[in-house]
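Below is one structure, written out as structure tokens; the observations come after it.
Each chain carries a letter (A, B and C) given by its place in the written order, and its residues are counted from 1.
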Amino acid sequence: MNEFSNAFRTALHLLVEMDPGLLEVVLLSLRVSLSAVILAAVFALPLGAFVALTQFPGRRGVVILMNAMMSLPPVVVGLVIYLLLSRTGPLGTTGLLFTPTAMVIAQCVLVFPIIAALTRQTVFDLHEEYDEYLRSVGAGTRQKIATLLWDGRARLLTAILAGFGRAIAEVGAVIIVGGNILHSTRVMTTTIALETSKGDLGMALGLGIILVLIAVAVNTAVVTIGGGANQRTV
Amino acid sequence: METPQKKLLTGAIVLAGLAALGSYALLSSPKGTTITLASTTSTENSGLLGYLLPIFKGESGIGVRVVAVGTGQAMRMAMKGDADVVLVHHRPSEELFVEEGYGVERISVMHNDFIIVGPASDPAGIKGVTDVAAALGRVRSSRAPFVSRGDDSGTHKRELSLWGALGLQPGDDDGDWYRESGSGQGATLNVASEMDAYCLSDRASWVTFGNKRGLELLVEGDPLLLNPYSVILVNPQKYPHIKAPEGQQFIDWLVSERGQQLIAAYRVEGQQLFFPDALEATEE
Amino acid sequence: MQSQHHMLPLVVNGVSYVVNGKAIIEDVSFTIEDAGLTVLLGPNGAGKSSLLKLCHGLWPLSSGSIRWGDADVQDAKQKQAMVFQRPVLLRRSAAENVDHVLKLRGASSADRARVIEESLEWAGLADIADMPARKLSGGEQQSLTIARAWALNPEVLLLDEPTANLDPAATRRVEDLIRSFAEAGKKVIMATHNIAQARRLADEVLFLNHGRLLEQAPAEQFMSGPSDPLAARFIAGELVE
């Protein structure tokens, strides 16, 4: 229990002091994960909707694959992207290894299947509900996708938040492709890992508490913004 | 109409997106030149680099980005051209690195030493023993729990060579007493402290380790426990993109009087952790 | 009421609809020539909904043909609107639901605003325009779907048991709207199993059972004495299997 009280005290201390080191890693964590989620959502939402609405050969296999990729281990994703971005790798000339951009890419890969699979499920369910009506009024495929995506916005927002949760909480991918470089690619989770490995468990736990608080803050913000809309989306 | 609400939501999302991406333009462009240094977790965790590098940057304008991993991984990273300079502590690996043309020259920088830590109860009875071979022999014969780095780091390689000198390979299923954490020094010390086990550690990591609990320093001083560090510039002929001039500047600074004095001046809890080697120019 | 009807006569010829080996609609043929309100009457499971949806082009025919005037079923769909048994409404306000279909038809934003106001006014829904559609009462919801259909200015209105789940007050409200549609010169075809409702609304009755058309007659004639014995038993209130 000593570690826990130590951790709370540390967390409070860091927050009150507005420790600049803490601010730096928090901002970077948010930047990387938000960018990854938004980038993933831009492609995953229409893709998920498309797979839900279109018949094509091998669709069943694609759905299975999409669902399975939600379980991609972050560390494996990190490793693969590391190999791709390494100087000796196929994308080595981009010089992106050990940069925040590489971290965004890795997290985007992790988050994409979550948003796509949940979008597919949501749109599929809504499609069942609205299909005859949409055909009755003559909606084209693109219009159907837009209608269903907007109508499912509460559930889709949850899917996006799930993606964000995955991104901000993972350490395996960002530590490999980012290198945990001080002032450059060090985020909250990698800092926690580092402090733990140094035996500074109180600090590590304190940072963990702050990370959870940030997650709560982000979710609160989203619910508040969508709050008015939320009333109409039941 | 819900349009104002919809616009607010869309606007908020777009804003968040722009803020996230736009912040890249402002924050991530490196000010001035940087080089990438592949070094080890023990070096990083000692705090030495956090102490030295800002000074170097102030004097030269060159930022040093440190990727801290195990020695084995650091060498492999450099072999793939993903770092400009390596700073590691395993001589055979370093010599091979240069021999195979990946590194320009192996230059001694500093040394610290390894120690054996273990439970205060000391079931193998090695406290104060100065002969590390004897100490390890006792650990094994008493089958007392021992935690190894198991991660191909410099420390791990040294540990294996110490066992090897006794004709032992405890990793090869010798028994439950020998555990491999596959992690950095701090994490390994964590395991050792939890399990009341013996462990080989570099002194710097031990001094800065925050979770000692029941562990104590038991064995030190054997010359076999000396831990020299070298710095090597990755060969620009192998990888033209290597920032050779800046990398060399860093190396020159490390082995200059200024750099060496700073290394000697670094203290944690009043203890000097690293001892400069370059000025003595001892190449054996 | 006189009106231009490019959509009539509706000619259904030898239509069958078979699913998994089971004939939902079996060899049905009829013609509807006059405007006004035609009711498809019959017990539950008779195939009324299915026939309606086939005529609206939502499902493919297994055999036979359907033509609306000069047009085939797919082309005719654009000039029709359908109201389903359970009101299908998007998760948005009442006004936005109407806006949605108008946008699909490519109306300009000024036009849309005007038509939305008129349709909601027409259906007596002006004061709940900004309420979330799904929070409205059953009667209001179904009225909204009819208002939405009205906004499309179709030539034909198809309704599939629109008041099956509504209380009497709501039913009355919806029936009034349906009647307005017919009085405006649109062709209305409505499926129902409710004899009293058929009596109230129908100009013409088609009686179906087990996927077959058993009788087609003007409403007065049918209600006073149908020729088909099953139909007679049905309107006498018996359970017809």
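What we mean here is this: a residue touches a chain if its C-beta (ideal position, glycine included) is under 8 Å from a C-beta of that chain, and two chains touch if they have at least 3 such contacts.
Owing to the predicted nature of the structure, the values given are computational and were not obtained by experimental measurement.
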Exercise for the section: Would you identify the chain whose C-alpha centroid lies closest to the centroid of all protein C-alpha atoms displayed? Expected result: A
Problem - Chain at maximum distance from chain B, centres defined as averaged CA atoms - result: C
Handout entry: Distance between the centres, which are taken as Cα means, of chain B and chain A, whole angstrom
Key = 31
Practice task
Please work out the Cα centroid separation of chain A and chain C, and write it as a whole number of Å.
Solution key: 47
Exercise for the section: Go ahead and note the Å separation of the Cα centroids belonging to chain B and chain C. Expected result: 78
Exercise for the section: Identify all positions of chain C at which a residue touches two or more other chains, and write them in rising order. Expected result: 92-93
Fill in the blank from the handout: Each of the following residues of chain B touches two or more other chains, namely 2
Handout entry: Where chain A touches two or more other chains, by residue
Key = 153, 232
Handout entry: Partner chain A, residues of chain C touching it in the complex
Key = 53, 56, 58, 77-78, 80-82, 84, 88, 90-93, 100-101, 104-105, 132, 134-135, 152
Problem - Residue numbers on chain B that touch chain A, as the complex places them - result: 2, 5-6, 8-9, 12-13, 16-17, 19-21, 23-24, 27-28, 36, 41, 45, 50, 65-68, 80-82, 183-187, 189-190, 193, 208-212, 239, 241
Practice task
Would you mind writing out the residues of chain A in touch with chain C in their complex?
Solution key: 129-130, 132-133, 135-139, 143, 147, 150-151, 153-154, 231-234
Problem - Partner chain B, residues of chain A touching it in the complex - result: 27, 30-31, 34-35, 38, 86-89, 92, 95, 97-101, 153, 179-182, 184, 196-202, 225-226, 228-229, 232
